């Protein structure tokens, strides 16, 4: 999926905060982020915004694997466990898809496979094509 | 609210992506982020993660103004309008509060006062005290 | 808005559980439900499903006032206060609208104007026309 | 789980709209609802409120299997497919649990095993004990 690699490389915010694409296939994506001092909030756990951004990146990649530009409409995220060090992984999978709307579940795990957050995203599929 | 200023200054992720506290009072907060190239996603609009992070920062500040450490349980965000330049503002207000749980609405606006995203957050209030 | 009155009268589920339309205007709606024994859950407070249904009815009416058939894509509801008697009101207002997607905030209040629940709904606007 | 059967029998709203408990075990529950005319909305598909109520019932049962009274804080539901006849099933499973907060995923399926809605619920666990 060369167009996905290219698409992912253009994401400047992901780059800025150290998010990397691990793999992508139709309707799926996996990303990771090694926790650094820049990801911490005022109580020295990983900022909700950093966890969200990792999951959102995996969501965007999975939603764009079909080749249409897809944009997020709505996301619901639950924060299950605070974390301060190690590496976070986000795994996105497609739950449903129709011509206009697609939905994805994203799980955020740490390197011990503990669930850190769950994220449900709904995307609007535009007609403009990526590849 | 000196303890809030101090609390906000310790947020390294907010610093990393250019989020600034504008003002805070009991149950309320306002933050801003000037859009730069680092905030953009692969289609050159502001990344959902950056918009979320700005709103989440205002949410955290508002939730901590009472002096207890509060942590996010759940957030729902709707993305209403794509944006590529200018300045974003997030305004948090308390919707309800009881000894354990508090909820907040956060509106993200651009400098033309157009609504970019709405964010509803629920926080768990710990007994540990900030100030 | 005669077509809205007609539309509302066809809602059999609303009828079954005692939901009534109070008023509707473009992008807005208000509904009510007098709490009865049939609305209670196992701990004798109003069932989350009954509160949701009241809010969802107001959401559907508000979303259909423009005359297009609109269907719910996603809803987020926060339950703020348990209630066992009296009358509940749901007030829906439009937050944003574009040709395909519209979003609404719905507040559920009791007769003392206490906030019982907040509900955010996103609808997909079909081309099929009601009126 | 006799106390769960008893708990479920006291749910008057579930009874009113024809929701039945199929099975429950620690952290899990399954419920069903045969679609009747009373469940339909103005466009003759099953009302979002009826789908939500079925899922919410399974959520409540699963959350109460541990024996503490648990109350819903927040729910996010995505409606994936409209349905007008047949039988709906809701399957709840626990995603995470700690002394105060527990989260559940609920899938609503029809009798052809098609996904109709997904529901994520967060509950607050009280100290009061059911059994």
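Just so it is clear, A, B, C and D label the chains in written order, and each chain counts residues from 1 on its own.
Note that a residue touches a chain if its C-beta (ideal position, glycine included) is under 8 Å from a C-beta of that chain, and two chains touch if they have at least 3 such contacts.
Just so it is clear, the model here is predicted, and its values are computed rather than measured.
Novice: Looking only at C-beta pairs that count as contacts, which pair of chains has more of them, B-D or A-B?
Specialist: A-B
Novice: Quick one: how far do you have to rotate chain A to sit on chain D, C-alpha fit, nearest 5 degrees?
Specialist: Resulting rotation angle: about 180 degrees.
Novice: Between chain A and chain D, what is the gap in Å from one C-alpha centre to the other?
Specialist: 28
Novice: Report the inter-centroid distance (CA atoms only) between chain A and chain B in whole Å.
Specialist: 20
Novice: Using Cα averages as centroids, what's the distance between chain B and chain D in whole Å?
Specialist: Centre-to-centre distance between chain B and chain D: 32 Å.
Novice: Chain D: which residues touch two or more other chains?
Specialist: 73-74, 76, 78, 122
Novice: Looking at the complex, which residues from chain A come into contact with chain C?
Specialist: Against chain C, chain A makes touches at 73-74, 76, 100-101, 122, 124.
Novice: Along chain B, where are the residues that touch chain C in the complex?
Specialist: 76, 78, 80-81, 95-96, 103, 105, 115, 118, 120, 122
Novice: What part of chain C is in contact with chain D in the complex they form?
Specialist: 7-17, 37-44, 46-50, 52-54, 56-57, 60, 64, 69, 71-79, 82
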